[in-house]
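Dropping a structure here in structure tokens format, bear with me for questions.
Should a chain be cited, it is by its letter among A, B, C, D, E and F, assigned in written order, with residues numbered from 1 in that chain.
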Amino acid sequence: MKVLTFGEMMLRLKPEANERILQADSFEAAYGGAEANVAVSLALLGNDSQYLSKFPDNLLGDAAVGTLRRYGVDTSKVLRGAGRLGIYFFEKGASVRSTNVVYDRKDSALALVNATEFDWETLLKGVGMFYFSGITPAISPETEKAVMAACEYCVEHDIPVVCDLNYRGKMWSAEKAQEVMNRLMPYVSICIANDEDFEAALGIKAFDGNMATGISQKESFKEGMMEVTRRYPRCQVVASVLRDIHSVEDSRWMGLLLNNGEFTESAVYPMHVMEGVAAGDAFGAGLVHGLLHDFSGQELIDFAIAASVLKLTIQGDLNLVSESDIRNVMKAGGGASLNR
Amino acid sequence: MKVLTFGEMMLRLKPEANERILQADSFEAAYGGAEANVAVSLALLGNDSQYLSKFPDNLLGDAAVGTLRRYGVDTSKVLRGAGRLGIYFFEKGASVRSTNVVYDRKDSALALVNATEFDWETLLKGVGMFYFSGITPAISPETEKAVMAACEYCVEHDIPVVCDLNYRGKMWSAEKAQEVMNRLMPYVSICIANDEDFEAALGIKAFDGNMATGISQKESFKEGMMEVTRRYPRCQVVASVLRDIHSVEDSRWMGLLLNNGEFTESAVYPMHVMEGVAAGDAFGAGLVHGLLHDFSGQELIDFAIAASVLKLTIQGDLNLVSESDIRNVMKAGGGASLNR
Amino acid sequence: MKVLTFGEMMLRLKPEANERILQADSFEAAYGGAEANVAVSLALLGNDSQYLSKFPDNLLGDAAVGTLRRYGVDTSKVLRGAGRLGIYFFEKGASVRSTNVVYDRKDSALALVNATEFDWETLLKGVGMFYFSGITPAISPETEKAVMAACEYCVEHDIPVVCDLNYRGKMWSAEKAQEVMNRLMPYVSICIANDEDFEAALGIKAFDGNMATGISQKESFKEGMMEVTRRYPRCQVVASVLRDIHSVEDSRWMGLLLNNGEFTESAVYPMHVMEGVAAGDAFGAGLVHGLLHDFSGQELIDFAIAASVLKLTIQGDLNLVSESDIRNVMKAGGGASLNR
Amino acid sequence: MKVLTFGEMMLRLKPEANERILQADSFEAAYGGAEANVAVSLALLGNDSQYLSKFPDNLLGDAAVGTLRRYGVDTSKVLRGAGRLGIYFFEKGASVRSTNVVYDRKDSALALVNATEFDWETLLKGVGMFYFSGITPAISPETEKAVMAACEYCVEHDIPVVCDLNYRGKMWSAEKAQEVMNRLMPYVSICIANDEDFEAALGIKAFDGNMATGISQKESFKEGMMEVTRRYPRCQVVASVLRDIHSVEDSRWMGLLLNNGEFTESAVYPMHVMEGVAAGDAFGAGLVHGLLHDFSGQELIDFAIAASVLKLTIQGDLNLVSESDIRNVMKAGGGASLNR
Amino acid sequence: MKVLTFGEMMLRLKPEANERILQADSFEAAYGGAEANVAVSLALLGNDSQYLSKFPDNLLGDAAVGTLRRYGVDTSKVLRGAGRLGIYFFEKGASVRSTNVVYDRKDSALALVNATEFDWETLLKGVGMFYFSGITPAISPETEKAVMAACEYCVEHDIPVVCDLNYRGKMWSAEKAQEVMNRLMPYVSICIANDEDFEAALGIKAFDGNMATGISQKESFKEGMMEVTRRYPRCQVVASVLRDIHSVEDSRWMGLLLNNGEFTESAVYPMHVMEGVAAGDAFGAGLVHGLLHDFSGQELIDFAIAASVLKLTIQGDLNLVSESDIRNVMKAGGGASLNR
Amino acid sequence: MKVLTFGEMMLRLKPEANERILQADSFEAAYGGAEANVAVSLALLGNDSQYLSKFPDNLLGDAAVGTLRRYGVDTSKVLRGAGRLGIYFFEKGASVRSTNVVYDRKDSALALVNATEFDWETLLKGVGMFYFSGITPAISPETEKAVMAACEYCVEHDIPVVCDLNYRGKMWSAEKAQEVMNRLMPYVSICIANDEDFEAALGIKAFDGNMATGISQKESFKEGMMEVTRRYPRCQVVASVLRDIHSVEDSRWMGLLLNNGEFTESAVYPMHVMEGVAAGDAFGAGLVHGLLHDFSGQELIDFAIAASVLKLTIQGDLNLVSESDIRNVMKAGGGASLNR
């Protein structure tokens, strides 16, 4: 089944190793973005994955397309035109020094898009699932309009809509986010909500903001997830990642799923983190993959969280793992094995 | 004597070695810009060099300041505030493949500046020479206003103004450039005009556009330089670099100077070029250094062109050479020596 | 129109910069191969390009697929299975030190293929042109059989067959090559023959073996090309690259084309070479692109040779250039320009 | 006393830092192999260490020789000839993502050797100890024959034989391994058996396969070691490394020794692992060094395990440490010191 | 207020990543030194920071100056002249393998200085605080004389003197250190004493030498600090870093301050260490910054230790952090946050 | 036949690619030295090559030993002890920017040696040829004494002595050099004299100092070579490299040999130079290899100069080439070939 993801892809520039931007004289260059990361994961897991965005008509847009294609994503629908490719500078933290992100994403080609450039009739033909994150409507009123138009089309044509709330405080206020998401959520069938997303994007209090104690707030998360299904009756699948983050390298992760009224919980993974980004996207992709392949409740959340924690061990925004890599983690002690 | 240069500094991102952007997975990062390059050269040559610009109030702005300070430039007057740091992607060519530049400089902190943020009374106090290039007024109407205000102050207070015409077709049209430069040139005492600058920036026909045969157009250049001095009587020093560019690596360079009615020419340097950027800035800095230290006509142009061709052998935008490095090139056969 | 190329892709391992294998402690890794290089060029030039081969069912096979996809090649037909990915170690020469290649390609997945694994009926459906080089049948008797089967199908279905003779003395003897190519050539419509190919692959004397004086042997090449068209009447397009190679960096290149009885010659390009491999593949791809788009005789050879010499300026086996890059070289003095 | 080690050396290719093969565009290159690693350790510890193998007669064989020589191993007996140098791709894991090895070692020069190429009379003259691992006879029937011939010579001439069982499931089945090792073990005086080696190579049940709980199976290991000495009376020294592996970075290590009927145990080392390979070879070398220098029981196992855990902190296959480095670890808190 | 720091700056050469010197074929190059590190920290925290030393009159001296200027330190007082730039090779340890430093600092320009080259009247005019560490007088009798002359001037002119005892056993014996420090301490107002400094530099028993149990020796440290204030009545501020070092990566840190008779203690930070050098310098700079800005007792020690542990997460000798980075660590759970 | 070379080996630190020291943040590290380079070349060419020096007893000395061993040199006679390893910083020039060397070699272990540490009776037993360059006696009066003692022993025992005059103006004056070399030359049988060596080391006028016109001074060189044989009758083999150096990359090279009264000249090689160091050492090694294997006059000089120009294409001080590499250059057009 074809999955269409819609969002923005940026050039990510990261100083080498653990250097700070102030001392960097080179940057590792990669291309990523929440929905693009999901699209790549879905393709690597063997799904028919298509990505939608608008890229500038220059060499950087070409390079972004190349990244998606390299990992098997269909980019034939990506628009090209005026504007720039958004950039974000990623300064990896260490121990007590927190990771730092400098966004430079204004005036991207997608930010300058007109909603009418997206012909959803054509774009969604043959698509079996539509995926976006809260970042996409936050980019501009036009992208918000485009997401709304896509959602309407999907509901009319029984295409399930997946939304990772993905609140970004540097892009919009909680107030604005709630206003927009409240309009979009009625179209959503599957929702991913992590940490502050509940409150910032939906106004639902589920997490107290203390990243060190996410897992012990499990009951509160459950209550928040129930509230989502109550408010938005179409949305009967809600999934979350719960985390106890002790330092940049040291954290514990678990997945929580509310699936048509039933909760399932994954095991808790103590992690030594190499790169703490895009694990939420990996979780979303794992969840979608599981739904596409009719994984049962426990397998579903186990698969999604295993995909998510694997991302913490991979350099770059893309979760370059196969299904067998994920299943290896799902077995107890997967990290210890060396097959030779 | 203190020299104040005014312009924009950008982050330059260059794929490693000779890679193309399409295949790059890292970029060498450096900070440069026409006037910043001049400021660094002047500092490295031992002058009191101060740089004026506006940088964003983020880590990239800090890094740009750090680059200037590292090589001895006084950055205490640089403004900080909203906006981004402009970026340019530099794809080095080879042989018949031309070098490629992708600009991403819109909405920089300097592009968003208001002319009134510059208090020239304070900024130019104690300054002995003021330097800008044609890029600075091309950035925005406000930077144009700021340059004009600075020029007026300089003329009132007998501070010589140096202008490198530095026409950039990606920033403004020839028509617009001529309109602006015609208003600014009456304040300029020393002018650097290379290749297409004569026609694009001033409307004076001096160069036929064929980069392979610049040197044989020497007489035409001379006529153009004379015309500059006729049109703008305050400007009695005009200097040019003449080039025969055969391929990315292979070119020949010479300097030409009109100084109060007298022409002097440098020798012609056959060059194996490592990086063909910022040689014009190096020439400008060499010229200013010579003027500041009362070099005679022949020494003046010889020093400026030797500084310029040295830049062709240096990685990055900055001409990291000392006066003795330049004098070594001025001697015949400088490249051959190995002192040990 | 869809072009199917059939051949082998290998992992290329090259010491960094100009290091020798003896001192290398890392290798740049890339994936290439004569026909894969052609397929990538065709895709980058905007054609519908499909690649056929057999890759091992391991991470290296995945990476090879990724490279092709990254640059737009359709890899959906690539077989996967037992065997290894061939490797070649590439030690770049300098000046008088010649470039060195160590092949380690035995027992590759393609070398172990059975000809019956290729179902040409399916594979060639909808294909408008079929491309292989002399390397493909040299790999094993089974690949030879597969090429023959493909050729037969093509001729029956009016699909033009392009063959780059590409003789490799390390893979088979001239005697064996001639035996095989004599069987295949009757199916070929467009033939590329460089340097020793005439004699080694076809037994036609056209080049005296002196790489320093290829261009002055133009008349002898012409005679050889005529002889090809006489021997193999279906083949009325023959193209060659003629070279004077003075040292690793310093050479002169021109293209020669016999197109339905008419010779056209390109200009001669003096080159400063960065990496002297795969320029023949770039030439073949340029030729095919021109034929697909009905370029006229002179434009055809000019385009093909410009594509070829551009490859000499690119790192890696793949000619990562666009049509506009090629057209820039076709203009006199393309290497000199810097658009900014 | 001269020690001769006999085995295979390969080119190890590892993506930079923690990259996956799928994203790698360069590989760190090193040359290693179980017995070669032992030979290097012995040389670095000051012993007269000689290595025996067959390398291809090409630049890669030269480079492998160079690596051995660099660290002091005598390579004068290494044969050269047809075949390739085996390669293995090493993808370092992280946290829950396990380390991945892709072997590409078929048809190596050693795999193609004929047993008669080894003239043991000459090769073993003056040798005081002979070392091989279970990998060597697994390579081919000819290497198995060669090992057997060497063992016979050794026993006849009172040269102690050391065997690290080193079972490799990718090279042979447990059934085949047991058949061969049962023929070789009667010649062995000193045996190293880790984890699954007992069962796979000897058919002795000592370890339940759970890498996370090796240390708590100590009594079972002891029973297995006793059984070895019972079955093979010549073999009265048996040593093992016991490990609790929690994740790629996090594990605990201890050494266990049965020496002429007496067990000694080392302390348990909690380790933060940089590279989890070749620690068994380091252990073997530490054990041999201790035996050569008459270390007492406790010192013997302490030295061997300290050498082994040090390897976990070193990049590459070779344990580049000195005796004083090892003794520093043997002191409590060695890792904490900084002498300046 | 201007702070003058006086000491030696060296070229630090470190093998890439965690390589050993024996295998390194490149070194990361940086310029640092105890007092230079302090000067850079003070500048980055916004203070008027000036550095005093003597550098060789060559390119390496230029590069050292450039490093200081880059981060905002005033280098106008640095002397230049004969001699070399000291070098130290830094081999980063891992887990149980300890970090290794090879000094090559003899005959540096500063080691060859004559005390009379420092004109303290001029150098200390306008200076509000003077900082040196025990390394400076250990370099030569002349630097000792220079420090003494500076101290005398400071006391006469009410400039507070800060001394980090910084004992280096490779530079002088404890006996010699005590003799010299006993002469200098009467001039010191603020003293930093870590670990063995108490005993080696002052002959005061406060730490038992066990790096794994520093924190539990807190009372003994307190007694030592009291003794300092009793012996040297001018010195009423004494600060220490207490550490439990378990392995190269794993340690716990806390700060202890005696300020005019009152003890304050920071929280204990469990750290995953990236680079365990120069944390003491970072602590000293944090302390001085706090004193300059009248931080209260608890804030003072909290700020200093937060600055210190941040250094453990930064590559190189320089603590490239801002005040807001430090304050982020002072908040609970600072390392966990990711602001985006 | 065993050749013993005696000299100093240093750590060479070179900024990456063509960077200047001022901008470098890493250095490529290699170990080399005139005589060590010769020793490595001789070993790589298959000779029994032994090196004599004194290295410090630290990790850098170990690394230097490792480099020599890696390429097959016998290091068993190298002394170890107090002192440092000399360092030289190598800043590669480009085009008109000359290459720059910063020596930091004072107080090396060899510079601190006592002549009596060398027991020539033992060291020269079984040696068939002794090689030193003018650098060795320039290091200290003790190394001068050692060279003299070695020479005396050699002459007494009919061991031919080879001396490359290798004048270094940064190490001693021409006056001092002549005084010493005049004492040593009577023991020398084979002498290599390049460029200024004639005059600076021997006081013989043969070269006018213009590096751009060495080849046209051939007759003057010949006269100088004759004068050497007249002054020092034992020395009947004198060889020189003649060069026209136009820029860092562009030069022409030829070899000239006076062998027992007969002159032979090599062809002239136009070179594109990658790294212009140690070509004289490569020449010396080529000459010695030829003499050891009884090459005829023309073959002798052809071989030596081909070895020398090959070095210009190799990174680092060591001429990592085989005899077949050299013979490939000796054939016309060697650089053009690509065997595949």
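Worth a mention:
Note that in this section contacts are C-beta pairs under 8 Å (C-beta built on N, C-alpha and C of every residue); 3 or more make two chains touch, one makes a residue touch a chain.
As the structure is a computational prediction, the values presented were derived from the model and not from experiment.
Remark: rotation between chain B and chain C after Cα superposition is 120° (nearest 5).
The greatest centre-to-centre gap from chain D, using C-alpha centroids, is found for B. The greatest centre-to-centre gap from chain A, using C-alpha centroids, is found for F.
Where the sister copies chain A and chain C meet, the same residue numbers recur on both sides for over half of the interface positions.
If each chain is reduced to the centroid of its CA atoms, chain C and chain F end up 44 Å from each other. Centre to centre, using the average C-alpha position, chain C and chain E are separated by 62 Å. Residues of chain E in contact with at least two other chains: 17, 20, 22, 25, 66, 100. Across the interface of their complex, chain D is touched by residues 66-67, 69-72 of chain F.
Of all residues in chain B, those touching chain F in their complex are 17, 269-274, 306, 309-310, 312-316, 318, 320-321, 325, 328-329, 332-340. Touching chain B in their complex are the following residues of chain F: 17-20, 22-23, 93-101, 103, 168-170, 210-212, 245-251, 276-277.
Contact residues on chain D toward chain C in their complex (touch as defined above): 13, 16, 20-22, 24-30, 58-60, 62-63, 66, 84-85, 87, 89, 91, 100, 102, 104, 106-107.
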